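Both complexes shown next keep subunit A, but they swap its partner, so subunit B is in the first and subunit C is in the second.
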Partner chain A sequence: MVDSSDIDAALTAKLLADTTLMAMATDGVFIDEASPGATKFVIISLADEVDVATFGGRAYEDALYLVKFVALSTAGANVKAAAARIDVLLENGTITVAGYTRMTVHREARLRQTEVDALDPTIRWFHRGGHYRAQFSIT
Partner chain B sequence: MAILTGRLGTIKYDPAGITPVALISVNAWKLSLKTGKQDVTCFGDTNKVYVPGLADISGSIGGFWNSSNVVLFAATRATVPGLLELSPNSSEPTFKFSGLAYLDADLDCSVESAPKVSGTFMAAGPWTEAP
Partner chain C sequence: MKAFVVWNGLQDYMDALRQMPAECAGEAKHIVEGEVNAAYVTISAVYGAHRHTGTLQKRLTISPLKVAGQYTTGLKLTSGSPIAWLFDNGSQARHYTTAKGVQHDTGAMWGKTPPTHIFTKTVAKGKRVVVDRIKTMVLRRGATAVTET
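Showing the complex of A and B:
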């Protein structure tokens, strides 16, 4: 029996394993929410997911992930380079997940936002990345 | 008996026409059982009257391209019909429709989704409904 969470974990591991990205995202890679105090990090969120069926079981899992680099404006991060590095790693990237065969991983849309901090309006957070389609068939 | 899910449907096929084997990566089938009607309306009838003629059996199947099983595409080139067996739910395997058939296939590949396979079939011999 396959474990869908292994796809999330493999995606996270792919980014964590890249020293170039980690040199920029020094606080790490997180699912949904970063650790308190983090100022330069990557966030991965599952935005949408559909299981596509064949008779008797799942044919493949079709997921849309939001993957973005997030940095505090005063942290001195190279947001542009970090987002580009995420794209290099994920666009048609090799991601191995036990029990699955990778069908595709590719970006469907890019994202770029500046967020005003909810508590201190003088602070800005930069978000840059994209929505990545990840399809894995059941082996 | 109760209404069961279609998720456990099956499509089996044997090009040799003996022991059908389940096709993989398929997710749809449709069977059409139609009997042609002949018009036997006579003088004095108050409406048209028909009598049944021969059954016309055909249908369609669908699924995804899987390079591990391309039997459907080989079947399109067959010069003798294979044995096709359709079951609405594998938990009731005795309930099935089967018979010799010729098949056609289409492969639909686009960047938006997994390549989809669809096909049609038509009877090439007597069909049975079991049980």
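Showing the complex of A and C:
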């Protein structure tokens, strides 16, 4: 029996294993929400998912992930380079998940946003990354 | 001796074929409208549950999509609030002041701020339903196969 959460874990592991990215995202890679106090990190979040069936069984899993680099403006992070590195790693990247065969991992949309604090405009968070389509068939 | 064949009903069939694009477009329009309205209701309900100033809900709009062609249809669902992106994709520490003047210096107005993806996932689901229903419609009207591109 396959475990769909292993796909999330494999994506996380892929990013964590890259020393270039981790040199920029020094607080690490998180699912959904970073730990308190983190200022330079990667967020992975499942935006949408559908299981595609054939002959009465699950044939493949089609997931859309938000993957973004997030940094506080005062943290001195190279946001552009970090987002580009994420794309290098994920776009058609080799991702191995037990029980699955990778069909595709590719970006569907680019995301970029500067979050300005409502009360203190000197506080800014940079978000940059994309929506990545990941399809894995059941082996 | 001349031989000929009379196909009774051929003219009716030809007329039906000519009418089909317009009828398909009409039915497709209802399908699209239904799913866009359903997406609006779903997203609006979540925005409403996290109501602070009401901007998220107020700026969720449906407008006609200008598309070329006789047999095309489209509606545009827009989430126009300045914080719509952050609500969908997650935000970091934000400051806010309550109606009573109490300042909160961490967290967004709706509490913790992981990505909700409410807009993205609702629209994606709606799109899947629209594609499935239009495929069914075309098959029902006589198509032998439908290929998605």
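Going forward, the second predicted complex is superposed on the first by the 134 of 139 C-alpha atoms of A that agree within 3 Å, B and C clash if a C-alpha of one lies under 4 Å from a C-alpha of the other, contacts with A are read in each partner's own complex, and residues count from 1 in each chain.
By our rule, a residue touches a chain if its C-beta (ideal position, glycine included) is under 8 Å from a C-beta of that chain, and two chains touch if they have at least 3 such contacts.
All values derive from a computational prediction rather than experimental measurement.
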Original post:
With both structures lined up on subunit A, is it a clash or a fit for subunit B and subunit C?
Top reply: fit
**OP:** For A:A53, select first, second, both or neither according to whether it touches subunit B, subunit C, the two together, or no partner.
**Re:** first
Original post:
Of the two partner chains, subunit B (first) and subunit C (second), which one does A:M103 touch, if any: first, second, both, or neither?
Top reply: first
**OP:** Return the chain, subunit B or subunit C, that is in touch with more residues of subunit A.
**Re:** C
**OP:** In degrees, to the nearest 10, note the angle that opens at the C-alpha centre of subunit A toward the centres of subunit B and subunit C.
**Re:** 50
Original post:
For the overlay built on chain A, what is the smallest gap between any CA atom of subunit B and any CA atom of subunit C, in Å?
Top reply: 5
**OP:** State which residues of subunit A lie in both footprints, the one left by subunit B and the one left by subunit C.
**Re:** none
Subject >> Residues of subunit A defined as touching subunit B within the complex >> reply: 52-56, 59-60, 103, 135, 137
Original post:
In their complex, what parts of subunit C are in touch with subunit A?
Top reply: 85-86, 89-97, 103, 112-115, 117, 120-121, 124-125, 128
Original post:
Which positions of subunit A touch subunit C when the two form their complex?
Top reply: 32-34, 43, 45-48, 50, 64, 66, 68, 70, 72, 111, 113, 115, 117-120, 123, 125, 127, 131
**OP:** Quick one: which bits of subunit B touch subunit A in the complex? Just the residue numbers, please.
**Re:** 7-11, 24-27, 63-64, 90, 114
